[in-house]
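Common to both upcoming complexes is chain A, partnered first by chain B, then by chain C.
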Partner chain A sequence: MRQSYRIIPIYTADVSGVCSALYELGGMTVMHDPSGCNSTYNTHDEIRWYDQDSLIFISGLTEIDAILGNDRKFIDDIEHAARELHPKFIALAGSPIPFMNGTDFPAIARVIEVETGIPAFPVPTNGMHDYVYGAGIALEEIAKRFVEVPDSKKDGSSRSVNLLGVTPLDFGPQENVELLKANLEQYGWKVVSTWAMGDELETLQRSAEADVNLVVSAVGLRAAKVLREKFGMPYVVGTPNQWMVEEISNALDKAGVRQPEQPTVYLQNRMQQDADITLIGEPVTMGSLAAGIEKKYGCAVRVLCPLKECEALLGGKDKVLLGEEAMEEALKDAKIIVADPLYRPICPKNSSFYELPHVAFSGRIYIR
Partner chain B sequence: MLQRAGKKIDSKEAVLKIKDASYPAPFASELEYNSPVHGNWNIVHSGMQVPESIQIYVCADNCMRGVVLTAAEMNAADRFSFVILEEQDLLNSNLEDITVEGVTDVLNKRGDHPKAVLLFTVCLHHFVGSNLDYIYSELEHRFPDICFIRCYMDPIMQKHGLTPDQKLRKAVYDPLPDGEPDEKTVSVLGSDFALNESSDIKRLLKRYGYTVRELPTCDTWQDLLDMSKGKVFLDIYPAGKYGMETQARRLNREHLYLPGSFNYEEIEQQLKQLTDALGLPELTEAELTREKESCESALAAAKDLIGDMPVALDYLYHPRPLGLAKLLLTHGFNVKAVYLDGISPEEKDAFDWLQECAPELELIATIQVKMRMLPRGGEKEVLAIGQKAAYFSRSRHFVNLVQGEGLYGFDGIRRTAELMMEAYREEKDTEQLVVQKGWGCECCL
Partner chain C sequence: MIRIAVYGKGGIGKSTTVSNVAAALAETGLKVMQIGCDPKADSTILLRHGEAVPAVLDLYNEKKQALQLEDMIRIGYNGVICVEAGGPTPGLGCAGRGIITALEKLKELGAYDVYKPDVVIYDVLGDVVCGGFSMPMRNGYADKVFIITSGENMAIHAAANIAMAVDNFKNRGYAELGGFILNRRNVPREEEKVEELAEDFRTSVIGTLSHSEQVPLSEEQKKTLMECYPDSAMAGEYRTLANQMYAICREDV
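And then the complex of A and B:
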């Protein structure tokens, strides 16, 4: 049964994804939930919680307010906090009960925006999707509402890029992000903004000054499409790891002229034979790693993706597999597996297992 | 490196002088912040105390994430399974079927055969009016040799009724069978921690040859069932009171609620309640005097060492933070602040006393939104009692213990004094310690 899990955990969900994506932008994110979403997020899904402030709160929804539809308390509490804390924007994320009782988040956001003068928007989560969706729609909202038309198309640099889809859920601590940026800079690229680690909202607002967008994880794809629609910015998909950065740099150059029909760099020139190595995880980072391994070592690699709505980011040998049962079945013949350590219990005993911790799966357990 | 956001804010609404505080809710109920202090036990930690059991949760992704990783972090992933609820289950199906079929599938896939399954249903089951009786009866029919324990993860009800934690502290004792009590057995229900061997209750019962049965010391399912043999049921932890009293009524046992206290008179009274209930001689005046003198001596030693160093304490260290503040203030300690979000009715007397005798004492919220932004710590190093006090006051000299642990009575006072001295002498890595979930549990971090 797809929905039953014997031993492995579940990926970070949409509500935490929203919080993670907006964490460093100076806004206030409010989860409309009784309790659990808050501690889940800041304990397991947010590695910045101890050292870096962010205005992320929970509404403390009660049974009575949910049943009676008492949205006024929710609104008043948010407005009161906002007047004290002066966020740059207010994001509202829903959980299962508000989904069930049909809480009108767009209307609530509108009321808050009118009454406080602070930009407010809903991020339509319900706690039943994965983080790719949640973080993705959060960044999509930022792209829709905040990115400004540039004074002039260029900031003076001829080769500039935004990195879209950067959260600790896929990339861990900031130093990993700096490595990605350094890889691109080696090829002469200037990183204008990183969505959304290490940069403030004001930096993201200037994103349209860049030549091209690079979607480094599935989280960034929605924002890339918005920026293309709004500003005609082309995008390329791929994570600039050490083995793939050259291909990605070339693709970015080409995209600067025209939006490529196949923007997914890591799916080009892949090996066709049966895979020797299986990677499990987020499609863009794992796909880029797979392409890098094939290029460097000549071993065929496949990606098994346990996240929803990622089919378009996978290659012919790759698969979306939802649930423990489907994943365990698909791994039966795997000889070499690279995945988060918490996958090990469903891997064949005779397989070789290489640990690649993923915050969105095992949380903070392997962060050192 | 701490990075701060936003503009400077004042502390009003998050920090109060006790003279200005209202009872029982000194702080408004608004949006909530959750600090990175996680030493408190949650329902996963408490549920894992049931020997030879597993836990199965049936809920949506975001709720599931927190509990499944709690189990993983305590190296107990093999005792945790779950069923995910999706939109389609709410919109086009019913939660009875997905729950029954999901749990059945999990149990069939696991292949092991636990004595008990702690099955957690959630807010969604409640809101759609799921027939829990049907769910459990069907599962009991399919797995007649497994005991299904009715547990709840429904925090939406916790502000107006019982918390999931309180319900769990009742549910885990539902399997206790009816039967004749053992005259020389006392069962302590409701706590996550076994009473210390040196605690007043353990010493007293040991002196008269009683067996003390407690869930944290149960190694087998049968050990848990044997807790029903207690002639008297005790509870010393507030969140366990409802469960203990419910089970005592069901099994027709005498019962006592003897909450851990920092007040000599209350402790004496509780010990008298216990000896009366068991038909034992009361502690003599001489014995009580010795106990109190011993406490006074421990507190004096602590005061000599700690001097006028500011002290901050919290509700996470012990359910009676105001009682502890009063005890320390009356023994000359420089108590500056108590971190709490509400005041227990059990602390009304201590609250009144502090309002009158220590009006400048600060009450500081832990979940008020400003606590995210206010500077942590001041110029002077603080001796903190409890993890939240340590975090918010940025102290590295703190007593690292939660929920009163196994402290009790006069012995609890002495141990607190000793722990304060230990905290004064030894520096701790606060960040490393307070972020770990479930203080005292195994932790892989």
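And then the complex of A and C:
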């Protein structure tokens, strides 16, 4: 099956994913690229660009810098900016040109860290993955490098949670995130940190104080695994939408005692018959929505996932489909479809289509 | 204009041979341009008596759009026009892409139109390890590729790889294989092995160079053998080789 795109766009790429994940943390994110990666990012992928400041930079890599491997120029530019702006960290994101050149980002980050005293780390993107990977590895780095061992013993009576994998690419504006948090708070959960919208780096650094982690999108899974390994923190996977929050709350309670073998809450107790409704998109948010619809309306739902490395987050009826042709083929018999509006042209004419905009797919087009 | 690319294993004597061939061709009244395609930028050093030619890529890095053709051209022994593509510091950047950019810059700034050489020789680093190193054999650059080898197995292996690359590109309108040049190291069955290699690629050994003590002696003096020992037997061998290469290229003109 050809993985070409004639009608629908492709999803936001890994480099934008990194920028999106780190946008609010007070660090400096530098894309090492001539310019294409930043214009795509700020024009389409970043809905906060005009309302909220962040230190997102492009290196302005030139042909001759790439050929001669003028790493020093890259380093000097970053250090110059860092001395003026005092970022909390410096993240270096690669693009296709340095990828082909074999630019040694870990070594460059090390030089910058030694010379500026500011924590610096590479985020190994190359512009050829999707945002789930890019944002995922960016949050993974934050988990590895910045989360601190909690000062005091946890208060036994509290029920606290971190939300992992929260970016506007999957959740849109902040008010949507506040809804998720409110849903959990209704069930008595205290949200310690949200990775990474609405919270500062210092808040994320205290994440290990929480009882449990909740992975609300595929983006958060890598960080959850790091925190489990580093601090023994259990995790549960699912988006606490209004229909699923009860199940998720129960799963979080159980996880607080022991890491569940099957952490994906939305894949449990699902309907077995063929799906009446098809959802397209990110596996955790769509999977949780699918489970919620099944619970409330009694109609079987499946998820078609167009993103890579998401198989483990999908159920038996669900499928990873890469490329427009594969997606169009899979939608042939679909009667009811819920997806980003840009999917509509490849859906069967006689299907009922419900619009659910996804920033990682249609950018800011449907953001009001 | 005749355009030649010379390839072969590193250390086999490409630059020495090319410089002497360039000097021999220049002797006959031809205007010769030698372009070193190696980040080391030392292909033309013997024609320049040890004086380095500023590399195209270094100049481009320094001057950007203000780069002028004259900046990168130096005249060497017998009037040979010397150019060095140059490249990154070892371990950084992309040498292959550097060759492409350097040759494009030369063309863009009119090197061939302004200097109007009769013969252009590209002296290319070692093996065809990536796309950039095939640049001198691409359409619009060399018309013939000559591969220098000794009878040593490693040199033959490298020569076969290069010949294979030329063969793979035959549908692309790239340069054709002009033949192999045997630079003797006096190993057993040397001629026989290189003849076999040529047969495998349906071509021939178009010239043979003896192992001569005068070659390193000339290098000690930072000169070509053609300049140091113009009446030697070895100089005669270079002249014969130069004439043969020229004749093979003329056949297609």
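In the analysis below, the second predicted complex is superposed on the first by the 363 of 368 C-alpha atoms of A that agree within 3 Å, B and C clash if a C-alpha of one lies under 4 Å from a C-alpha of the other, contacts with A are read in each partner's own complex, and residues count from 1 in each chain.
Assume a contact is a pair of C-beta atoms (placed from the backbone, for glycine too) under 8 Å apart; a residue touches a chain by one contact, two chains touch by 3 or more.
Because the structure is a prediction, the values reported are computed rather than measured.
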Partner chain in contact with A:Gln186 - chain B first, chain C second, else both or neither: neither
Touched partner set for A:Met100, first chain B, second chain C, both or neither: both
First, second, both or neither for A:Ala66, with chain B first and chain C second: both
Superposition-derived comparison: chain B or chain C, residues of chain A touched: B
Footprint overlap on chain A, comparing chain B with chain C: 63-64, 66, 100-101
Chain B-touching residues of chain A, taken from the complex the two chains share: 1, 3-16, 26, 30, 33-40, 42-45, 49-55, 57-64, 66, 77-78, 80-81, 84-87, 95-97, 99-101, 126-130, 325, 342, 345, 362-365
Chain A-touching residues of chain C, taken from the complex the two chains share: 57, 60-61, 64, 87-89, 91-94, 97-98, 101
Chain A contact footprint on chain B (complex, rising order): 1-7, 9, 13, 29-34, 36, 38, 42, 59-66, 68-69, 72-73, 77-78, 81-87, 90, 98, 101-103, 105-106, 109-110, 123-124, 126-128, 153, 155-161, 369-370, 372-373, 431, 435, 437, 444-445
In the complex, chain A residues that touch chain C: 63-64, 66-71, 100-101
